[in-house]
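Should a chain be cited, it is by its letter among A, B, C, D, E and F, assigned in written order, with residues numbered from 1 in that chain.
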Amino acid sequence: MTEDESRIQHFAAEREALNETVMRYAGRNIKRFYNIDSQVYHNGALPAKTKEMLGLVASLVLRCDDCINYHLIRCHEEGVTSEELEEVIAVGLIVGGSIVIPHMRRAFQAWDDLQSTNADAKQEM
Amino acid sequence: MTEDESRIQHFAAEREALNETVMRYAGRNIKRFYNIDSQVYHNGALPAKTKEMLGLVASLVLRCDDCINYHLIRCHEEGVTSEELEEVIAVGLIVGGSIVIPHMRRAFQAWDDLQSTNADAKQEM
Amino acid sequence: MTEDESRIQHFAAEREALNETVMRYAGRNIKRFYNIDSQVYHNGALPAKTKEMLGLVASLVLRCDDCINYHLIRCHEEGVTSEELEEVIAVGLIVGGSIVIPHMRRAFQAWDDLQSTNADAKQEM
Amino acid sequence: MTEDESRIQHFAAEREALNETVMRYAGRNIKRFYNIDSQVYHNGALPAKTKEMLGLVASLVLRCDDCINYHLIRCHEEGVTSEELEEVIAVGLIVGGSIVIPHMRRAFQAWDDLQSTNADAKQEM
Amino acid sequence: MTEDESRIQHFAAEREALNETVMRYAGRNIKRFYNIDSQVYHNGALPAKTKEMLGLVASLVLRCDDCINYHLIRCHEEGVTSEELEEVIAVGLIVGGSIVIPHMRRAFQAWDDLQSTNADAKQEM
Amino acid sequence: MTEDESRIQHFAAEREALNETVMRYAGRNIKRFYNIDSQVYHNGALPAKTKEMLGLVASLVLRCDDCINYHLIRCHEEGVTSEELEEVIAVGLIVGGSIVIPHMRRAFQAWDDLQSTNADAKQEM
């Protein structure tokens, strides 16, 4: 396993641990928000894949690294290709401007890590 | 023609007039930015339809009415259905929060106008 | 009735009409979001009055005039005094900076309209 | 006098009227903020002209039309040329992205109005 | 002492060290801004406790972790309960949307640390 | 060499490594954006020094630490003095509000590091 893979894995693990803390304090409204936040990306008139790309571009222009990482993992799971991802990110860069660049850099690095995880997994089979 | 149609038409006409003013002042960098801003929504690994939905959700969470109007017109041209549009807007609302609501209200109104323009056009045929 | 009062009344009427358009298109997620968006300002551990001031300061620093107007009306209904309002706005101004000033100007004007509506109503009794 | 000139004049007049309303409600902190907000653009290690360009680019990327208008008027007073202005706006566009475009359009239109006011004034002499 | 407590203490110590660097460079305007930034949270028509909750919700929707941490410490000092805090954060989440979630996660974790510091302090007595 | 210098050097090295990853994925639009993003700060009607100060203030009010660091390095190279820098930052603070403070703190610290690098370099000659 490379250092890069553990970065993404570290993000996912920390995210889960913190969500547990949230749930200890959360009242009804926060819990219901979490529920809608999950439903909104499910298959519907648009497939989950498209919705994850929508979530990614929204996270990019709002410049939230954690949100970007989450949607990159989901895009990877939904089978978004590197060519498609590049085009999603290009839209985010043009809409959001150069202020998006530091987040774009980290996004491509995380995507690169996810790709190599994939390649390693294939090799192990 | 309804009052609503002329609102969208007014937006498009004013946009064109102001772009002419921009071009009288614009140097090389602004002109090249305009060019990329057009290219990035063209068909590629992802179809133009998907890219316009990406542009719409990005405009929604950044809360720019003019950008929202522009991408609504383009989504309409690319054949986005009302069910698909509702799901794009739902993602924008959940990512961006209640601060998005005033823009969402105007977006659905503009979409409603675009739909009725369509219905009128069909009736005329 | 002064011109100013009708401005606030115009805002409230337009808001209602547009919400009807939203509801014609809205699916389950948007409807549920509207529901939470209402619940979150109800009396709880904190009184509704405090929550409306929280909504106002959040709207100010995010610079959303429609949201500011809505929370000003609600603050007025909950009995926020002009001295209290000034302190809420001062926090918003310091946190958000001079970019907040144009919204602050319109907020004080709207508040002034709400106060004079009140004075007129008292006089009529 | 053209219609365009009165638009800028209308902005300046409305701004003054609303500031009077602010001052009727403002406590010590808001008043002191207004004071710093004025001081920070005075001549110092950097000339006022440079500081107004800084204020303009900050207003552009934060997408505040009223703030943009104010700094355009001040840039015009400080002798910023159209070539210099175009470069300030180009930086704002690249940093802030296409979401800045609607504000850029209105900014160039307002600048155009200010230039023609100038030309008229010279002709009258 | 837990690892968590030292995280908050580390934040407070680093904040103080960096403020000293600011003060070595700061001219009159920055110093006066710091002064207003302190005054605006003092007891007035509204108690400091309410103002700290206003500062917290503004920091949440603007997604500034350092500002959130600072206001969490102050809310804790002013006797805000966990139930009250949850409601402030719920308002911030609904206004700001899912983009606020990563900051909310860290906010509840920091609050949890502050609570356990408190419990430890009581136990030591 | 101090610990502080290596922090800035670390930033520059990491930035370069990540840009290489970007370039492996980037299509034509992203590459062209990078090109404009470089051109826009070149000498023109305004000198590069002024443009870097514009880039800095825009980065400050948009609160992007990586962008701030980059423009601080460039401002230092273009001979911006500490007095000039303080005034650029003061404009950013007043426009953007207290939410800018954590970024301002880190900006002055990075500037302080750049100054001491300079002093060390002079001493070595």
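To be clear about the criterion, contacts are C-beta pairs under 8 Å (C-beta built on N, C-alpha and C of every residue); 3 or more make two chains touch, one makes a residue touch a chain.
Note that the structure is a prediction, hence the values are computed from the model and not measured.
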Q) Which chains, if any, touch chain B and chain E both? A) A, C, D, F
Q: Answer with same or different: of all residue numbers used at the interface between chain D and chain F, are over half used by both copies?
A: same
Q: Going by residue numbers, if over half of the contact pairs line up, that's a repeat, so tell me which of A-E, B-E or D-E repeats B-F.
A: D-E
Q | Distance from chain C to chain A - Cα centre to Cα centre, in angstrom | A | 34
Q. From the C-alpha centre of chain A to that of chain F, how far is it in Å?
A. 28
Q. Between chain A and chain D, what is the gap in Å from one C-alpha centre to the other?
A. 39
Q. What positions in chain A touch 2 or more of the other chains?
A. 27, 29, 33, 36-37, 40, 44, 58-59, 61-62, 67, 83, 86-87, 90, 93-96, 98-99
Q) What pattern do the touching chains form: line, ring, star, complete or other? A) complete
Q. Where on chain B is chain E touching in the complex?
A. 61, 93-100
Q) chain E touches which residues of chain C in the complex? A) 36-37, 40-41, 44-46, 50-51, 53-55, 57-62, 67, 81, 83-84, 86-88, 90-92, 94-96
Q | Of all residues in chain C, those that touch chain B in their complex | A | 15, 18-19, 21-22, 24-27, 29-30, 33, 37, 58-59, 62, 64, 66-67
Q. In the complex of these two chains, what residues of chain A are touching chain C?
A. 27-29, 32-33, 36, 39-40, 44
(Q) For a test of understanding, state which residues of chain A touch chain F in their complex under the given definition. (A) 63, 82-83, 85-87, 89-90, 93-94, 98-99, 101-102, 104-106, 108-109, 111-112
